[in-house]
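Letters A, B, C and D mark the chains as written, and numbering starts fresh at 1 in each.
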Amino acid sequence: MSSMTNTDFSLSIEDLTVSFDGFKAVDSLNLYIDKNELHVVIGPNGAGKTTVLDLICGKTKSTSGSIKFLNQELTTLSEHEIVRRGVGRKFQTPSIYENLSVFENLEVSYPEGRGVFGSLFFKRSTKVIDEIHRIAQEIMLESELETEAGLLSHGQKQWLEIGMLLIQDPQLLMLDEPVAGMSVKEREQTAVLLNKISKGRSVLVIEHDMEFVARIAHKVTVLHQGKILAAGKMEDVQKDPKVIEVYLGH
Amino acid sequence: MSFIYDKLLGGKSGALGLLVLSILILVVFPLALDGFRLNLIGKYLTYAFAAMSLVLLWGYGGTLSLGQGIFFGLGGYCMAMFLKLEASSPENTAIQSTPGIPDFMDWNQITELPWFWEPFSSFGFTIAAILIVPALFAYIIGVAMFKRRVGGVYFAIITQVIAVILTVLIVGQQGFTGGINGITDLRTLNGWDMTSDSAKYLFYYINCALLITVIVLSRFILTSKFGRLLLAIRDKEDRVRFSGYDVANFKIFIFCFAALVSAIGGAMFTLQVGFMSPSFVGIVPSIEMVIFAAVGGRMSLIGVVYGTLLINFGKTTFSESFPELWLFLMGGTFIAVVMFFPNGLAGLWEEYSTPLMKKIRAKIQPSVTAKPSSSSYETKESK
Amino acid sequence: MSVNLFTPQKSSTGRVIRKPRSLLKSLCAIPVSLVLATHIGLVSAADVNTTGLAVTDTEVTVGILHSLTGTMAISETGAQQAEKLAIKQINEMGGILGRQIKIVQEDGASDWPTFAEKSRKLLVQDKVAAVFGAWTSASRKAILPVFEKENGLLYYPTFYEGLEQSKNVIYTGQEATQQILDGLNWVAKEKKAKTFYLIGSDYIWPRTSMKIARKHIENVLGGKVVGEEYKPLGDTQFGSVINKIRLRKPDVIYAAVVGGSNVAWFKQLKAAGITSKKQTLLTISVTEDEVLGIGGENLEGFYSIMKYFQSQDNANNKAFVAAFKEMWGKDSVIGDVTQAAYLGPWLWKAAVEKAGSFDIDKVVAASEEGDIELTTAPEGYVKLDPNHHLWSKARVGQWMKNGQAKVVYESELIKPDPFPEGYQ
Amino acid sequence: MGGYSYDELGAIFAMQGFSGISLFSVLLLMALGLAIIFGQMGVINMAHGEFMAVGAYTTYLLSSLTETYFPAFLPYYFLFSIAAAFVIAGVMGYLAEYILIRHLYSRPLDTLLATWGLSLIMQQSFRSLFGAREVSPTLPDWLLGAYPATDMIDIPINGLFVLALTGVVTLGVFYLMFKSSWGLQVRATTQNRAMSGAVGINTKKIDRYTFALGCGIAGIAGAAFTTIASTGPTTGSLYIVDTFMVVVFGGAASLFGTIASAFSIAQAQSILEFFISSSMAKVFTLFVLVLILMFKPEGLFASKVRR
């Protein structure tokens, strides 16, 4: 490996700033994520958590700063190019194709035939079908493959979206509130799922549910008003007086 | 074989639907109707091309164009330019101050054929132009709009404005375009009398053949992964984008294809009706095309053919007997379709015929139970 | 016009044909036997009914094809009313060749392909012996190939740009030169006009008319065109154009603005202080029909050049206006095109009776001999030229506040010249 | 411009400026109602032009009635007809919202189609009620003619009147939307429907009145236009594209944007028409608008929202 300082990290965000009409939603942010790391960002409403994800995946353009993923600069790329570099992102509300079946949802996400003509002549080979079945099993939806996605329960929709990302085998997986609206049992299952899928890739999660965060996080960053308030292991962060003040004072 | 069956004909119900339509337009109409009525049907069917282009673009792609008249008109004008040049031979136009150019140019003191008219003396070039010019124009608009992520309502309004621009331009530059009268008095195609009965039958059958070809081609697109992506883009554009697709390219492609399909309709219109005018380019015809699609069912390639036929037939009959009522009926249909039958005729058919068919089938083969089929993952294209 | 002579003077129009001269003329042109036969209604069915047209022993079918809906309905209403009036009067007088005229009416819906479709229906399905209809040039251009293909006969009522002469069309309105040249001569002479500003709607008729006007102004009158302007159809904003006119200070504004734009044009002229007190304006696109929308107060003192005005003072016209109002209501107004449309059925009647047949070719041949004339025409007298257009007079009318025009000038009979030498 | 004196050029310049301003006031008056409906509610009202025609026909009707029954009242009826146009078009808008629009809020493209259907029905109703001919109300004398500002400058009185009316309506809208509690509720509903409902705003009622207000203003515009053009069954459709361009170009939901957009479109059109042919001026103006919209799809003055 080269001697550059950040090569060890899968994702390195440095000095990232974005402002909307003078309001700095994210302010000189620095954030590093390792391979195999499951990193959780927490913070009160309006702290800029979702904006950070938007910046990484290219939905929002930064005002200044850099985002390097596997040593490639992302800020100049368009959304689909960033995805093709290996970054997957789940949205806050489940974003799936309600009119397509679960199978078709996964098939559409399959990382082949991504061009216009590629998709016209895309063949549903056994390889594709096997891969879809494998992912469906992983996200506990194998029995629902033919169900129209709109008919799934809220939790199942969340899983489906995660599955649609997994089928692309991303190196960085970003999940915005993956257990929102889930039952206790579904949370359990999701925690297991997240632990399993963080092997071999980096995972960046935004979450409110502290109990859940404690269960899954390798590392936690607390964001407040666009800036990092604290970072480190969950138990350390929880003791931090600044963090307590922000959460209680809120 | 199964490729053809599944992908091009759209499986069992799709193939059946196509078969019924083909028999209707290829056999029943020519046998049942006199030349005059058949020619009318032929004219209506050219609008069906535009309506089908909207199925792809709007029904599946979720992008409503209020400017399909642009492409219908461009196709029609390309064909009309060729025919007009043929009709403007120096012998036919000896009476003009400059023989050999179209009459309307002569009236507007133009003494030389404009450069962009010249290539249209070649039939081959004209056919190429009908296929390429509208698609290219759509490509330019598409790149400019979709790459900048102009969509939805804004796209609809901007396409409408482009239709207005084109109409004003055609009307204003009448020395080059024939103005508001359009390009008229087209009689022969390669020396062959277009107005004869045999020609009319031939054009009718060519029109039908092209229509069926377009349906089959569109089916291929819609049953491919591209088709599912279109639906996906319609429902959750961002999700598609964040699954690694350059969404704009897909929209541009389907917009170009839709333009091409409309243009074929326009060219066939000119051949069968014998003239082309700016009244097929502007806002009103463009919105009427949307009506045809909405009434037939915006998700059904075959449904819109029936929708187009029904509306136009209604227009002809009603305006003959109750011209007063026609606009009320048209407006009412429009509102009713939007509010109560968003899937149009095709939706109604599905709702009422499918249970009926099931009942009949159950009576005939009571022992057959649902079994998993190999095509169980196929996208359901409605009829 | 022989038939009228044998008709008791019961109808208002029958009255006007009492001049013995026209009897002599007609008798010269028409075989005596035929005239007699016609009168008694004994023309043998075989002679007349075998033309492939909808003609029976008692009835002959004709078509009326105008826009009843859409933007053109406004203009075309008067024309179809006049045609119906003429047909009703002819029927009351015993019809043509002993046959009553039956009307099939179709709606062109202001849409050119619909015109083409309906004209094909009239000719192919209804097999009508003649069609009275179309208004705009665009609709005529759209149906012309149909009439030529199916060998129909169209009576077209509107004043138009000329440059056309079809075997299958009789043009009962004036072509461009008949309307334009005399008007320009008059304004040059009476108003000592030297500079002209031309303004029209942007389509073929105003442009062709302006082309002819410009040539006449520059080559014949020795005047100067100081501006030429075309507004898109339906445009209602004339501010900039009016300012340009102010800057150029023409002696005459020469206008051919049509449709809804026309109203805006005159309202805004008045609002800009350009009234007949300060400015001479001559228009070729305002008839009594348009005045109804524009309002007489906005037009007062301006001039129109037409071949007919409702206020024309002659016996023919008085009878016509009375009959029209009786049939279509007191408030009806009659414009130039309405009158021209009224001539259609009468010209057809004359030609059919001369030919002794409804057969299109025979009727056209009879029409082309140059001796069909209407002494009963409300506009006075017209004659059908072998080139299918009418000889008629040009008249200048000055508009009054009540929406009627005072005829201030009347030309000699002008020979129609659809392809004018030196004006193309 | 040889051959013209400075006085003449100055006068033309002044009058050309006024025709630009007069076109501006026309465009703005047309667009205000639509800006409210499209900007605040997201509804694409293709029948907007027909609501203008309702106002124009109201004026025509009142003019005929006055002429027949109260000729002495003729100089004043016009002011009343503006109020009547507002009320009648507003009530019709209220009904249209209740019967049609409220079912379609989640489907903006479908409101476009449904209101197009509505516009067809309205057009035919006008034709059945008032005939196919274009009509013009008899205008009071004080509205006709020109005010001779100098020897060479004539200012059209109808232009001044429309300008003043536009000013009054714009101020009224501004007050309603930004200074009244009702406007606050409208804006709150636009920004967050669910939340507004939760804090006790009757969002359904707000929608209905907003739509009615937009249509009412269209009615005023229609009444005002009888001073410059005539009214026919299809008059409304002539204005609809221009109106949409003004609103979209200005950036929906921005009152200031609508004003600025109407101003720039009017000046461009008016100045271009002075130098090139009207149809090319129109083509050119629209083409530039489309180009600009491609780069700024949200319009010139769309507020930047953090999403």
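Simple rule for what comes next: a contact is a pair of C-beta atoms (placed from the backbone, for glycine too) under 8 Å apart; a residue touches a chain by one contact, two chains touch by 3 or more.
All values derive from a computational prediction rather than experimental measurement.
S.K.: Which chain maximises the distance between its CA centroid and that of chain B?
M.R.: A
S.K.: Which chain pair is joined by more contacting C-beta pairs, C-D or A-B?
M.R.: It is C-D, judged by the count of C-beta pairs in contact.
S.K.: Which chain has its C-alpha centre closest to the mean of all protein C-alpha atoms shown?
M.R.: Measuring from the global C-alpha mean, the nearest chain centre belongs to B.
S.K.: Would you kindly tell me how far, in whole Å, the mean C-alpha position of chain B lies from that of chain A?
M.R.: 43
S.K.: As a quick test, compute the distance in whole Å between the mean CA positions of chain A and chain D.
M.R.: 48
S.K.: Using mean CA coordinates as chain centres, what's the gap between chain C and chain D in Å?
M.R.: Distance between chain centres, rounded to whole Å: 39 Å.
S.K.: Could you tell me the distance, in whole angstrom, between the mean C-alpha positions of chain A and chain C?
M.R.: 77
S.K.: Which residue numbers or ranges of chain D touch two or more of the other chains?
M.R.: In chain D, the residues touching two or more other chains are 127, 277, 279, 282.
S.K.: Could you check chain B for residues that touch two or more other chains and list them?
M.R.: In chain B, the residues touching two or more other chains are 168, 171-172, 326-327.
S.K.: Can you list the residues on chain C that touch chain B in the complex?
M.R.: 68-69, 106-107, 109, 111-114, 116-117, 120-121, 124-125, 137-138, 141-142, 144-145, 149, 161, 163, 202-204, 207-208, 211, 230, 232-233, 419, 424
S.K.: Which of the residues in chain D come into contact with chain C in the complex?
M.R.: Residues 4, 8, 11-12, 15-16, 18-20, 22-23, 26, 127, 132-136, 138, 144-146, 148, 154, 156-159, 227-230, 232, 234-235, 238, 269-271, 273-274, 277-279, 282 of chain D touch chain C in their complex.
S.K.: Tell me, which parts of chain B touch chain C in their complex?
M.R.: 34-36, 39-40, 43, 95-97, 103-104, 106-109, 168, 171-172, 174, 179-182, 184-187, 195, 273-275, 277, 279, 316, 319-320, 323, 326-327
S.K.: Chain D touches which residues of chain B in the complex?
M.R.: Where chain B meets chain D, its residues are 64, 144-145, 148-150, 152-154, 156-158, 160-162, 164-165, 168-169, 171-172, 283-284, 287, 290-291, 294, 324, 326-328, 330-335, 337-339, 342.
S.K.: Where on chain C is chain D touching in the complex?
M.R.: 68-71, 73-74, 77, 202, 229-232, 234-237, 239-244, 246-247, 260, 263-264, 267-268, 270-273, 289, 292-295, 297
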